[in-house]
Amino acid sequence: MKTAIFPGTFDPFTIGHFDVVQRALQIFDKVIIATIGDNQKKKTLFSSEARAAMIKQAMQPYAGKVEVVIYDTMTVDFCRAHHSNFIIRGIRTVGDYNFESIMAQANQKLSPVIDTVFFPSRPEHAYICSSVVRDILLYQGDVSAFIPKGMEIAAISCAKK
Amino acid sequence: MKTAIFPGTFDPFTIGHFDVVQRALQIFDKVIIATIGDNQKKKTLFSSEARAAMIKQAMQPYAGKVEVVIYDTMTVDFCRAHHSNFIIRGIRTVGDYNFESIMAQANQKLSPVIDTVFFPSRPEHAYICSSVVRDILLYQGDVSAFIPKGMEIAAISCAKK
Amino acid sequence: MKTAIFPGTFDPFTIGHFDVVQRALQIFDKVIIATIGDNQKKKTLFSSEARAAMIKQAMQPYAGKVEVVIYDTMTVDFCRAHHSNFIIRGIRTVGDYNFESIMAQANQKLSPVIDTVFFPSRPEHAYICSSVVRDILLYQGDVSAFIPKGMEIAAISCAKK
Amino acid sequence: MKTAIFPGTFDPFTIGHFDVVQRALQIFDKVIIATIGDNQKKKTLFSSEARAAMIKQAMQPYAGKVEVVIYDTMTVDFCRAHHSNFIIRGIRTVGDYNFESIMAQANQKLSPVIDTVFFPSRPEHAYICSSVVRDILLYQGDVSAFIPKGMEIAAISCAKK
Amino acid sequence: MKTAIFPGTFDPFTIGHFDVVQRALQIFDKVIIATIGDNQKKKTLFSSEARAAMIKQAMQPYAGKVEVVIYDTMTVDFCRAHHSNFIIRGIRTVGDYNFESIMAQANQKLSPVIDTVFFPSRPEHAYICSSVVRDILLYQGDVSAFIPKGMEIAAISCAKK
Amino acid sequence: MKTAIFPGTFDPFTIGHFDVVQRALQIFDKVIIATIGDNQKKKTLFSSEARAAMIKQAMQPYAGKVEVVIYDTMTVDFCRAHHSNFIIRGIRTVGDYNFESIMAQANQKLSPVIDTVFFPSRPEHAYICSSVVRDILLYQGDVSAFIPKGMEIAAISCAKK
């Protein structure tokens, strides 16, 4: 059984992320979505619990093949602990590629058996990213076109300050 | 059984291409390397026969899981004919990404079930590309550090004029 | 009356080009589509006459506000001859931007009153470009999703060798 | 009458921004410069009042055709409220393009009638950006070559902490 | 005697930085490594004293030709004060280039006699950067492959909060 | 004595190339400009003799410190033959960087002691490149702002067909 790890902040999860999981499930038997825990390094709009809950809601149609986990270790350590050698990431732009290729190479240095594969975003998702969703939420705009069907944005009270 | 198609010109095949196949075989059960036939559109240094022969030589250690085919159709038609929904490509630079993401999206438009996944090059292969190999060959330089072990560059007489 | 010049090879015209013209007509009163003449510098698949004829067919809904001209001068000279100070170009990728910003700056150097404005492509057109269309035509594939409605690809006999 | 919206932080306004407005006024009848209000999301060196005051000072030669407004809504809502369908942005680098094309596509998704056009920076302004100006100010350097003539940098006491 | 200034945050110094100094010493007689002082603008993991101490440790083999200084002025002012007209920077990615070319042009504007030269990273260092090192340290991972031999990561107690 | 090699096609030499040589002479004692010979791989507008003659004319003010040579070997072999370990190249855009960093890394692989340093173009030269000059020449435009003072474009009869 081949398992892929999909690590990220997912603050919040978008239809772009959803699409990556759907496509990865064509290749892998299982995908573990690993959302980073609350820590001092990166301020997030949603708490890790809220993020994980939203992802679970979004991925319900694939419940048997997808797991959602909060993690707070190095990504390669998370892969090892879950017996997976594969990290998956979506790439929307040249800026994404620039950053992600560095992370992929660093992870391979830290753990040579762990490989990263990239899914190029579908054109209609090129502008769908968590920071745009957060911008829209800031002004109480409508984000329904940017997040998976059935996923409800966690109540404001869940958002960390 | 999951088969991936690795299409390309491979003029000639390099250790960067070899690495992509090795890594893809961790995920897919079989890889079909599809080298483009001789046509008027793209001038190549090596004939398609020479290119295919060199690839077969390079991939001998993986003979059971790798097939080498000359093709002269659209890539998506080749995928359909070989019952594969997966195209794989290596990405070395932002320039590669720019070009390959367009091709991936165009192929998905032409055949929605066919997906493309990218393997980011290992850092030590970042500068390994067929055009650099051809440049070195032009001046009778030593390309042994750029091509797979055991693969011998086809005789000059194989090169098309 | 404000006129914009849309220069290009348009080998052939695509729905991406069509979209740029439509959007430019929201800002400018008239758009002159200037397709480069047949010359030794750039080999094209279609003759300039075939290209111009296809563009006219595509732009018929906007016949009163769009003109199609074959030109064989520097772009800035064409602008001057048509009393326009504005060049418009569509931008799909970082690669496009890299090239087009150089041309825009060179044109401004050659003629300081002439300015260039860029229209970022719509996401769903990011992969629509003339070279992909030509690739598909090479293998007799279906390009109807890539070209404007009503525009028929000129007969093979029009294509230059 | 055609109005364009030029949204931004302008922390502070530079000769690059000034150039975009001047060029936009060749195409549009009016430009509304919309500087983002003080909010928790983005720390600025200058308060929104100081930024707006500096921009008004800089744009005095075009007073009849330029308006300066502090806003605190989504950009597309601001456009609607001011009856404009056009957003303008200057592009200096590939990094700018990468970010701005995402924002342009997201805005078009949120409000399909609103379009964004890009003005490629003049070569001599390629390195002129607000963050460089802030860096120089941090060390009490001379920023007169980076800001519009006649615009005086607001007193330190205006800067937010 | 030709002296080059190598300014940076170096939070912390990596084998990529070390490589730039080694290569610069082939061209210049002396390299002054200038690490930015503690200031409110940029939060660092290590204090400037800890950063300078680590760099001195790393550069011990080149002690006679390398100087390490904490600075808190504009880079061009530092160059003038140390009678150097040359800034050196390593470039790993397109993102680095985008940022560094802006800084180089801004510095040349501020002081026309001061020039910047770039050293393209060696391929095996492409993913070596301070932020990756800090990420690994955050989880108590092993950074020995990312920092110069003999350089010991300063005790946690040196890290600023 | 430190010598740098400046290899290129220089078809033709521009004020951007001239600027690179001037700046390199601040660091190196001598610069050898190596223009590639006539060969089947790359069609040029000017013959190698015409290109070398134009460069000599342009560099006359620096005659004692600059040499102009036509070469037809690998660049690293040329460096060895001229006892230089340094290649210099100008970088104008992200596209340039993408290509040049690959060549620099490949050359370092072929000859580990040979290093490449990049000079970022001055902003006002960002759009100055040989291909733009050739485009203008194609239409008999005025290229005097793009080439060094005193350099006269070689007669049409020198251009290769």
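Miscellaneous remarks
By letter and in written order, the chains are A, B, C, D, E and F; residue numbering begins at 1 in each of them.
Simple rule for what comes next: a residue touches a chain if its C-beta (ideal position, glycine included) is under 8 Å from a C-beta of that chain, and two chains touch if they have at least 3 such contacts.
The structure displayed is predicted, hence computed values, not measured ones.
Annotation: the chain C:chain F pair of sequence copies touches via predominantly different residues, less than half of the used numbers being shared.
The interface formed by A-C recurs in D-F: of the pairs listed in C-D, D-F or E-F, only this one shares over half of its residue-numbered contact pairs with it.
Chain centres here are means of the Cα atoms, and by that rule the chain farthest away from chain C is E. Separating the centre of chain A from that of chain E, both taken as means of CA atoms, is a distance of 33 Å. Chain B and chain E have CA centres that are 39 Å apart.
In chain E, 93-95, 98, 101, 104-105, 123, 126-127 are the positions where the chain touches two or more neighbouring chains simultaneously. Interchain contacts (touch definition given at top) occur between A-B, A-C, A-D, A-E, B-C, B-E, B-F, C-D, C-F, D-E, D-F, E-F.
Of all residues in chain F, only 39, 41, 73-74, 77, 94-95, 98-99, 101-106, 109-110 touch chain B in the complex they form. Against chain D, in their complex, chain F makes its touches with residues 93-94, 123-127. The residues of chain D lying in touch with chain C in their complex are 2, 23, 26-28, 85-86, 91, 94, 97-98, 100-101, 104-105, 108, 115-120, 122-123. Contacts from chain A toward chain D in the complex involve residues 92-95, 126-129, 132, 135-136, 138-139, 141-142, 145.
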